[in-house]
Amino acid sequence: MAEVKRVGMLTGGGDAPGLNGVIRAVTMRCISEYGYEVVGLRRGWKALTAPEEDTLMPLGVEDVRYILQEGGTVLGSSRTNPYKNEGDAEKVVEQLREFGIDALVAIGGDDTLGVARRLHDDFGVQVIGCPKTIDNDLSATDTTFGYDTAVAIATDAIDRLRTTAKSHERILVVEIMGRHAGWITYGAGLASSANVTLIPEVEPDLDEVTAIFKKRAENGERWGLVAVSEGVTFSEDFVTQTAEKDEFGHVRLGGVAEGLAAELKERTGIDTRHVVLGHLQRGGTPTANDRILSTRYGYRAAEAVANGEWGKMVALRGDEIVTVSLAEATDETKTVPKETYEMLRSFFG
Amino acid sequence: MAEVKRVGMLTGGGDAPGLNGVIRAVTMRCISEYGYEVVGLRRGWKALTAPEEDTLMPLGVEDVRYILQEGGTVLGSSRTNPYKNEGDAEKVVEQLREFGIDALVAIGGDDTLGVARRLHDDFGVQVIGCPKTIDNDLSATDTTFGYDTAVAIATDAIDRLRTTAKSHERILVVEIMGRHAGWITYGAGLASSANVTLIPEVEPDLDEVTAIFKKRAENGERWGLVAVSEGVTFSEDFVTQTAEKDEFGHVRLGGVAEGLAAELKERTGIDTRHVVLGHLQRGGTPTANDRILSTRYGYRAAEAVANGEWGKMVALRGDEIVTVSLAEATDETKTVPKETYEMLRSFFG
Amino acid sequence: MAEVKRVGMLTGGGDAPGLNGVIRAVTMRCISEYGYEVVGLRRGWKALTAPEEDTLMPLGVEDVRYILQEGGTVLGSSRTNPYKNEGDAEKVVEQLREFGIDALVAIGGDDTLGVARRLHDDFGVQVIGCPKTIDNDLSATDTTFGYDTAVAIATDAIDRLRTTAKSHERILVVEIMGRHAGWITYGAGLASSANVTLIPEVEPDLDEVTAIFKKRAENGERWGLVAVSEGVTFSEDFVTQTAEKDEFGHVRLGGVAEGLAAELKERTGIDTRHVVLGHLQRGGTPTANDRILSTRYGYRAAEAVANGEWGKMVALRGDEIVTVSLAEATDETKTVPKETYEMLRSFFG
Amino acid sequence: MAEVKRVGMLTGGGDAPGLNGVIRAVTMRCISEYGYEVVGLRRGWKALTAPEEDTLMPLGVEDVRYILQEGGTVLGSSRTNPYKNEGDAEKVVEQLREFGIDALVAIGGDDTLGVARRLHDDFGVQVIGCPKTIDNDLSATDTTFGYDTAVAIATDAIDRLRTTAKSHERILVVEIMGRHAGWITYGAGLASSANVTLIPEVEPDLDEVTAIFKKRAENGERWGLVAVSEGVTFSEDFVTQTAEKDEFGHVRLGGVAEGLAAELKERTGIDTRHVVLGHLQRGGTPTANDRILSTRYGYRAAEAVANGEWGKMVALRGDEIVTVSLAEATDETKTVPKETYEMLRSFFG
């Protein structure tokens, strides 16, 4: 193991509230405790495959002290994957050498960590990973930072929509992030007391959903809220039925919430509307919870650098931050278990 | 003037944060100060053209004491307009008599207040109006409640999106309410330091917008935020160019933000995304400001009932709540003046 | 084991955000899944030692559907402890019989759960406990609901104070709940990037604190934030030195924050102020996180009733809700471990 | 009038959310529209009586673009008054000359603007004022920025305390800023539906307050919220009665809320607690409303510089920003009118 003097750090993939918490903790610890120099590498792996003038971002303790409160990542991000372009992996290794970077902290999701693993395995790059996904779908760690914030934002949105749904006697369908894993929708649907929550893991039973809203209407509640993951799929039939032209003659379709709203209107006779939260879910200041978690991740990642635990990533297990092999990180997607959804389902109505 | 014993109250049109503040103040004052009985009429004018079992909602002081904090309207709403259906106006008058309602407080926008005026003029209905529009576009009053809350919500959303726009080096286009008047967009664009704000009153100059983002990129800021009213229109050409099919082969078009995002990507070469705030803008608890304004409106409306100022509506003029004729209410739309927009425009960049 | 028909439920001790989440889940599950009747018992054990007219609160599914969002407890609370008054425990048992309550869900802290345990042990009362403490200091469960909300509120307060501290070049000392355990202060101090955080578990080293702020001042930052638990203690000497009279001649002393602020002013020469968050920390809507946790607790508590797991309480262990004996519940206080504080301490400055 | 090349700007007195909005607008306009150079002067008048190394803060457009969202003032502040120290006024004039500052924008309250006026009158300093007070008590302007934010924060706090007051059946007394004018308390008391609101302008009638809470208790509501300005005064007798020693033997007294809480407990027999909001009221991000208002102030102040309207200050009159003489600014305190308070009082209960 080569002695560490200069630690590089990068963030890859979609941003998540808490990234700056990791960056801050890694920086402060590496400098104050271990005496390393720390440099940020802007725009993920692109920093190393196609460096620009502003790629290197020297990081000092006072540069990062108050970034814990900020959403996004001060290092910027990209979806560049050096293993998708012949020769780029070698470029990365060469560029690291040129930058004089002895150790690399790579913060990102499946894709970013997969690259980190291969760089370690193929070239012996001294890398430590830190998992990041707002979707909370990594099996290697109990929870990921950003998830709590995303749930909080979506919960707040649904809470906010309740009074307008009720005043207008409408069903409001709210589309929430999650292509393959329904964790955010599950969390927000539960926390906001949505009347129905649909996730990609469980095929929606539209007859059941219709029955719920019809029963509510019989009890004088001709309104409701549906939380639905963007990744929920319906039969081809259903989608065809709801294709329609808007007042400008444009075909308006495609979104899950939009289609579902049209379908529920048809089935229940109750007026419906839809809202797509989109990018709102990853913006803004992290919750206190995510700030704490990301700080603990970063703290442990710095320690992993000092220990030379190359090829590992930090992970939350129970109440402890441990390190696990990067191979584990990308093992399998953690989806919402059937019994967890059943629990939530028991509150529908 | 017939003596008043029983005051009816209804809310019509889209809901606005603050409606419950008016309902609360009217109820508390009518009962405590003037000794009237107060009944809510559910679902706007529909309560009188097509009453249902739950139409009448007796209102007591303790029923309303803590509704000031709630968004929406406890009376429900509808878009029913008795003057759009032959014979319905007469039904309204007859139904009011049947319900024993001597005086009516009608809270709503152009449409609701127009009906109120005609009922007063045509049948001598003892009615007091209270203006409501989240859009702030009534010339008869300086400000309307709900506006401040809508601006606050949209501002918060744009603020929240800044970090993600920056981290990913994207332009985020945020679509905000306002078909004909750009007040909410103006307010939120200004308060959130959006880089560009576009409103329906002023035809957008896309060359100027493009230049702004190109200049920003030259200074190393390859990202930005655009606040755009849903009612902003572009040339046919522009729209055609951006029509495109998504990954499912569906045509995705129509929304202003979506079209503008596609166009800006084309023109600037910077990645873009869009967000439609939609119903989020009218939900949730009113700001303190809107609570105060709506309470003052309701307080004065109750006094107007006691004074027998029939055919009038309450309005904010300077720092005072006055009454003006309902005719004035629907006079003309108050749009954003050119110089106000010029002021905002001077902060673009 | 007697068959269960009617489940009673009470909340005791200080309120915590999330109590209504437990009440809601227990009620919904007991009724929908198990077919029990559910009655709330107002004001903790007082409901059974000194019942009033409004003591019984019948709970139906629709009564509780939307209370998840509300802080406090719809059942009210008290600090009544039947074991502190001769003969009251017998009264409780008799009163439960009179109310026809077969099973009791007791939600509360050490004190409430201690009573529950003794009622079970001494009289065979069929009781299930649910732990509640905003302080997060129960060793029997990983986390308690209300804690996340308290940390979020305190974090938000410190964040908010930063700009004013900086503008006026002052040290602001913020007093946070926690007499014996510093968990909330630890969480909020970490999440808000407070410059120094002091907890009851570790005797404060005022020389170190002084040195931190002097060093900051040397670097041009003549301001800062200190998070301090109400339970932190200093030497007698220190307290005496800072006793002083205010402009009205009143002796102003006693609070930890106030005393510490005075002391730090003396030692650093920097202007100081203090803020006591007090009851703000337990009010308001629970975070999404606390809503989820409390729902899971309540869901499992209802199951425990159905299973007849008398004398047990629900607890979070890892990612699962389990049941443990009530004896464990009151075993020992879980305080902030030294290494956890050391981690936080490494970010001071 | 000397030609303007270099504009200086300072902020004096207590900070108020919105200060950075003024600084931003003045800077952006002075540079972009008028071509001036802009320099910030740190720490109010102290910048000119006792300049330090970091006193001058050159301000460019990009330095200030995103400070609108930040509370406090990037220029820092102080309570230095050059007219309170023989010879300091002359120093100020000399220092301005040394710094090459041709025009000065002074943002502050009575004190700061009073100095500005005298510098203009005595020495012909080319100064423009901008009023700042969170208390909203300047008669020369309809509203001041920071006020809306302070009301919003205090309203939120009282809202938050409601559930805990109710759960524990307590009266919570909340102390709010305002020594001589009760505007913030009035606004927050109204917006939060506090059961009683007390302001310095109207001597409190404790018998009436007591009667309100006794009546509430008779109706089963043994709890409540009182909003009270820090400047409310009671008779000597009252204060003496409530002096008491706490568990540590310290005399705990002095605060209005604390004293009132003790008194109300005595009078009503209901348990009471108190909370002092203190510095929380001036911290954190400004409301959208305050951001808009402060931007408009700054925009107009820059114009006033260009127009050479020396000795004037900007003010809001109706919906317009105008300039008025600095003499007017400090004329008289605007307190809450009796009829405004009577309106609020009609909602007590």
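In this document, chain identifiers A, B, C and D correspond to the written order of the chains, with residue numbering beginning at 1 in each.
As a convention for this text, a contact is a pair of C-beta atoms (placed from the backbone, for glycine too) under 8 Å apart; a residue touches a chain by one contact, two chains touch by 3 or more.
Each chain and its UniProt protein: A, B, C, D = Pyrophosphate--fructose 6-phosphate 1-phosphotransferase.
The structure displayed is predicted, hence computed values, not measured ones.
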item	value
Contacts common to chain A and chain B (chain labels)	none
For chain C and chain D, chains touching each	none
Chain whose mean Cα position lies farthest from chain B	C
Between chain D and chain B, distance of the C-alpha-averaged centres to the nearest whole Å	30
Chain B-chain C separation of Cα centroids, rounded to whole Å	41
Of all residues in chain B, the ones touching two or more other chains	159, 162
Touch relationships between chains, expressed as pairs	A-B, A-C, B-D, C-D
Chain C - residues contacting chain A, complex	25, 28-29, 32-33, 61-62, 65-66, 68-69, 142, 148, 151-152, 155-156, 159, 162, 187-188, 190-193, 219, 287-289, 291-292, 295-296, 299, 318-319, 343, 346-347, 349
Chain D residues touching chain C - in the complex, by the definition given at the top	11, 14-15, 19, 43, 54, 70-73, 76-77, 153, 157, 159-164, 166-169, 172, 220, 246, 248, 250-254, 273-276, 278-280, 282-284
